[in-house]
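Alright, structures below, take your time with them.
Common to both upcoming complexes is chain A, partnered first by chain B, then by chain C.
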Partner chain A sequence: MRALILALIAVLALATISVFVGVSDVSPLAVLTGTADSRAMEVLMISRVPRTLALILAGASMAIAGLVMQMVVRNRFVEPSTTGTSESAALGFLVVTLLVPGWPLMAKMGVSALFALGGTALFLRVLRAVPLRDVLLVPLVGIMLGGIIGALTAFIAYRANLMASLLAWNMGDFSGVIRGRYELLWLGLVCGVLAYIAADRFTVAGMGKDFTTNLGLNHNHVMVLGLIIVSVVSAVVLVSVGSIPFLGLIVPNLVSLVIGDNMRRTVPWVALGGALMVLICDIAGRLIRFPYEIPIAVVMGVVGSALFLYLLLRTPRHAT
Partner chain B sequence: MNSLFRSTAIVAAFASALSLAPAAIAQDKVIAHAQGETTLSGVPAKVLTQDWAAFDNLNALGVTVAGVPSSNAPSYLADKIPADALQIGSLFEPDFEGIAAAEADVYFVAARSAAALETSKDIVPTVDLSVDNADIVAGVKANITTLGEVFDLQDKAGELNAALDAKVAEVTAAAEGKGTALVLVTNAGKLGVYGPDSRVSWVYNNVGMPSALADVADGDHGGDAVSFEFLLEVNPDWVFVVDRDAGTGENAGAAEALLDNELFNQTKAATEGHVVYLDPQAAYISMHGYQGVMLLLDQVLAGLNG
Partner chain C sequence: MRSSRPAVVLIGLALLALVSVVLFMTLGAKGNWGFVLGFRGKKLLGLVLVAYAVAVSTLLFQTVTNNRILTPSIMGFDALYVLIKTSVVFFLGVGALVAIDSQIQFLVEVLVMVAFSGLLFRWLFLGEERSLHLLVLVGIIFGVLFRSLSQLMQRMLDPGAFNVLQDTMFASFATTDPTLLGISCVIVVAVSVVGLRLMHTYDVLSLGRAQAINLGVDYKRTVVIILSLVAILVSVSTALVGPVTFFGLLVATLAHSLIGNSKHRYVLPAAILLGIIALVGGQTLLERVFAFDTALSIIIEFLGGVVFIALVLRRSAR
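The block that comes next holds the complex of A and B.
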């Protein structure tokens, strides 16, 4: 518990730094003493605070989605972007943007979430047909499925001259976040809370279908709840800021290494860890080429792939 | 009588052959371009192009084009494309079989299709009209001059180039003392900045509006990524917007919606109504085309005087 509070303090500290990193001059001292000019306060309220909130919400919910995914699939190396979920969400968003461009963002996101749900269900379906449950084969199948869905998406975008747009909104980037443009991410928080409430069920489901049924739980219900959570989070994050690679993979794994697999205990850690990682990467992306920005997807790609390799290489020892 | 007629005919044939031969050799033209030299025999009759800016230039000179790219036609050129024009592949991927079958006299590539020259030069005489973004106006003028030579339209080329110079001078005069400029590119809800080496570099380099920024890296098509807060801080006097989504086919108006927010509305450019939306297709797709550049210069001029 004490460690958790420390982690919370770390997130708050980074959030504070995030609020005060930017092109405009917003001095922490002036804000605290109430002497900041009106423009600094405006920048703070319109740009900095929403961006920081978006970072925390997206980071926490993507990490939790990864955790839920890993429980449901019973594999450590899956997350929405290695199971075709993110790609399906992107396909859904593209299709709805093409067919009914005038729909409100909420409705488009709904379609995107439905596609994500369908894509994830397809992944599970394919998995059932794969006899070998090799630890690395599962994400490989997911990445291939994601590749096929991604290719289909790219084909449609190419035909509609939307390649550039597709690339741009697939690339996770918080630079466009201001008040009024991130609020959908609160839905991610709702999903996170749902995951926490159902944590014990997911823990049990993570032990297998027979085990779950023996305990009197309906395995399918748990699976569907998990898939809905993962799909909604993927869609919300994609539509608001783009996809953030590796996040849902690495955070739950690191947490599991330290404190095990009881989801009731790990959810708060995963949420804080996700927020922490996204905050660090975004602050770095804002500082490296100041005053220009490097999209978080790029920073996370570099950091995430290094951590992913580390996790992969140490696995044989860990898994056997 | 008969033999006299025959010998006369032979002499006449010889004479005409003699008079024709030097003319035919004189009409062989060696055209220097971005990727070397290409020899053309005579004035090309059947012309293909893989690039909308090249089409724009050919059209400005009054040359009829027989083959055009099959996608991304800028709307300002739409009614100038012959209805029976062959479609020879996208901006990036030429349909080489179609090009070979067309048996054209010349084929123009540029920018996105420059790499096609390696393959196409064995099929059809190919000329690369790529332009260096560092000085777009000079590049466009050089291309007009080259095309004037190719099609024996030197006079027309001279007129066009004089008109372009005059337009640039007019805009330069209007821009004098109007303050700094920033060219923004919007793309799927994100913002980028275009600098003095970008595809609209003439705003800074030729028209002479100082950039509101010291240095901008133009390596990326989307410009350098920035936040709204950044715009507030840089606070340019004039903002020229390239709506890239519209430039590549999405609904126009996305840029206005994106920029209509509490931060951008506080910038000097926004409060004084100094935000000019440029024709996105001319600025993004055919940025090296004569008529496109003239169109954009007119839009900048109208904005500055408006």
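The block that comes next holds the complex of A and C.
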């Protein structure tokens, strides 16, 4: 418990730093003593605070989505970007943007979430065709499926002259976040709380279908609930800030290395860890080439793939 | 009947390739023939070189690693080339890019690529025995890492330098880099000479490491040479059109299933011809018939992904 409070303090500290990093001068001292001019306060309320909130919400909910996915698929190496879920969400968003550009963002997000759900279901269907459940085959098939859906999306975007928008969605970037453009992410928080409430069910489901049925739980219901959570989170994060690769994979793995697999205990850790990771990467991206910034997807791509390689090659005996 | 199948397939493919080439050169051509032929000829040469380089490098890589799923691009080879190129600009400045002759630059990049990939793949393939799925996954993630690192460096460049570099990041068969055509030809011929002299070992190598050593192949030396040839060919194709993930896999898989056996003297030419048909024919079809211009790489990516999943699933079903 004490460690958890320390982690919470770390998140708050980083969040504070995140609020005060930026080109426009906002001094922490002036804000605290109430002497900041109106322009600085405006920057703070319209741009800085929403951005930091978006970072925390997106980081925590993506990490939890990854955790839920790993429990449901019973594989440590899956997350929305290695199962085609993120790519399907992007395809859905593209299709609805092309067909009915006038729909409100909420409706578009709903369609995007439905596509994400469909994509994940397709992934599970393909997996059922694999008789031997090789631990490494599962993410491999997922990545390839994502590649195929991504190519389809690229083709449609290319024909519709939307390549630039597609690149913008696919590259996670918080620089466009202002008040009024991130609030959908609170839905991610709702999903996270839902996952926490159902945590014990997911833990049981993670032990296999027979075991779950033996304990009197409907395995399919738990699966569907998990997939809905994952799809909604992916869609929300995608339409708000773009996709953030590897986040949902790295954080739950690192957490489980330290405190194990009981989801009731790991969810708060995963949420805080996700927020921490995103905050650090975002601050790094903003400082490396100040005053310009590097999108978080690029920073996460480097950090995330390096950590993933470490997880894969750490103990060859476990992986094979 | 059975023994004549490879020959029939090869003749058929050669005819198809010839038709693609003729159509590419003549279809929809208006105005001065001298100009059209010269202009399209350069483009054609670029496409043929790429088809050759990708087909040969993929097949040799599959022979060395003794399986039919891995390709240099799935293992992140061409992402590595882009990373090296980006690092050159990043650390030496865009001034170096302009001041130094592009052909010399290319040679240096190829050398660094061979050294680097040699180290990386020696570590992956010649060390302890690893599972195939682990290798593929590690390769894909290495590709992501290389690409992300390149992107990171590119974001830190100034916009002018970024523009110079950007073209290497997107695969486009419509625009090959004409300044590198000459040197690419020379390199490809040199590689082919070395490759031909090793021709007799390929079939033996594809039996697997233990068998090959048993049959008297100097395994380590041959594998290192072949991996270097592969690295050079990948550099050539990436420098000309940018990274493509699945093209090689598509061509190699088709060649194997058309020829029906795995003798390199049939499969290699078949794969090269298939590559030419796919690139030149596909480009003609898209440009002249459907009027899409750069979508060929996207279509190949899509088809290749489907083939890859099918291969992986079939393999694990056994």
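Operating definition for what follows: the second predicted complex is superposed on the first by the 315 of 320 C-alpha atoms of A that agree within 3 Å, B and C clash if a C-alpha of one lies under 4 Å from a C-alpha of the other, contacts with A are read in each partner's own complex, and residues count from 1 in each chain.
One rule holds for everything that comes next: a residue touches a chain if its C-beta (ideal position, glycine included) is under 8 Å from a C-beta of that chain, and two chains touch if they have at least 3 such contacts.
Given the structure is predicted, the values throughout are model-derived calculations rather than measurements.
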{"item": "Clash-or-fit label for the pair chain B, chain C on chain A", "value": "clash"}
{"item": "Partner chain(s) touched by A:Gly147 [first = chain B, second = chain C, both, neither]", "value": "second"}
{"item": "Contacts of A:Val130 with chain B and chain C, given as first, second, both or neither", "value": "second"}
{"item": "Contacts of A:Ala306 with chain B and chain C, given as first, second, both or neither", "value": "second"}
{"item": "Touching partner for A:Ser47 - first (chain B), second (chain C), both, neither", "value": "first"}
{"item": "Touched partner set for A:Leu94, first chain B, second chain C, both or neither", "value": "neither"}
{"item": "Touched partner set for A:Ile64, first chain B, second chain C, both or neither", "value": "neither"}
{"item": "Superposition-derived comparison: chain B or chain C, residues of chain A touched", "value": "C"}
{"item": "Which of chain B and chain C A:Ala160 touches, first, second, both or neither", "value": "first"}
{"item": "Touched partner set for A:Ile294, first chain B, second chain C, both or neither", "value": "both"}
{"item": "Touching both chain C and chain B, counted on chain A across the two superposed complexes", "value": "292, 294-295"}
{"item": "Parts of chain C lying in touch with chain A, wherever the complex brings them together", "value": "128, 130-131, 133-134, 136-138, 140-142, 144-145, 147-149, 151-152, 155-156, 245, 292, 294-295, 298-299, 301-302, 305-306, 308-309, 312-313, 316-317"}
{"item": "Touching residues on chain A, where the partner in the complex is chain C", "value": "77, 126, 129-132, 134, 136-137, 139-141, 143-145, 147-148, 151-152, 154-155, 158-159, 245, 288-289, 292, 294-295, 298-299, 301-302, 305-306, 308-309, 312-313, 316, 319-320"}
{"item": "Chain B residues touching chain A - in the complex, by the definition given at the top", "value": "71-72, 187-191, 193, 217, 221-222, 224-230, 232-234, 244-245, 248-251, 258, 261-263, 266"}
{"item": "For the chain A and chain B complex, residues of the former touching the latter", "value": "22-24, 39, 42-43, 46-48, 101, 160-166, 168-169, 173, 175-176, 178-181, 291-295"}
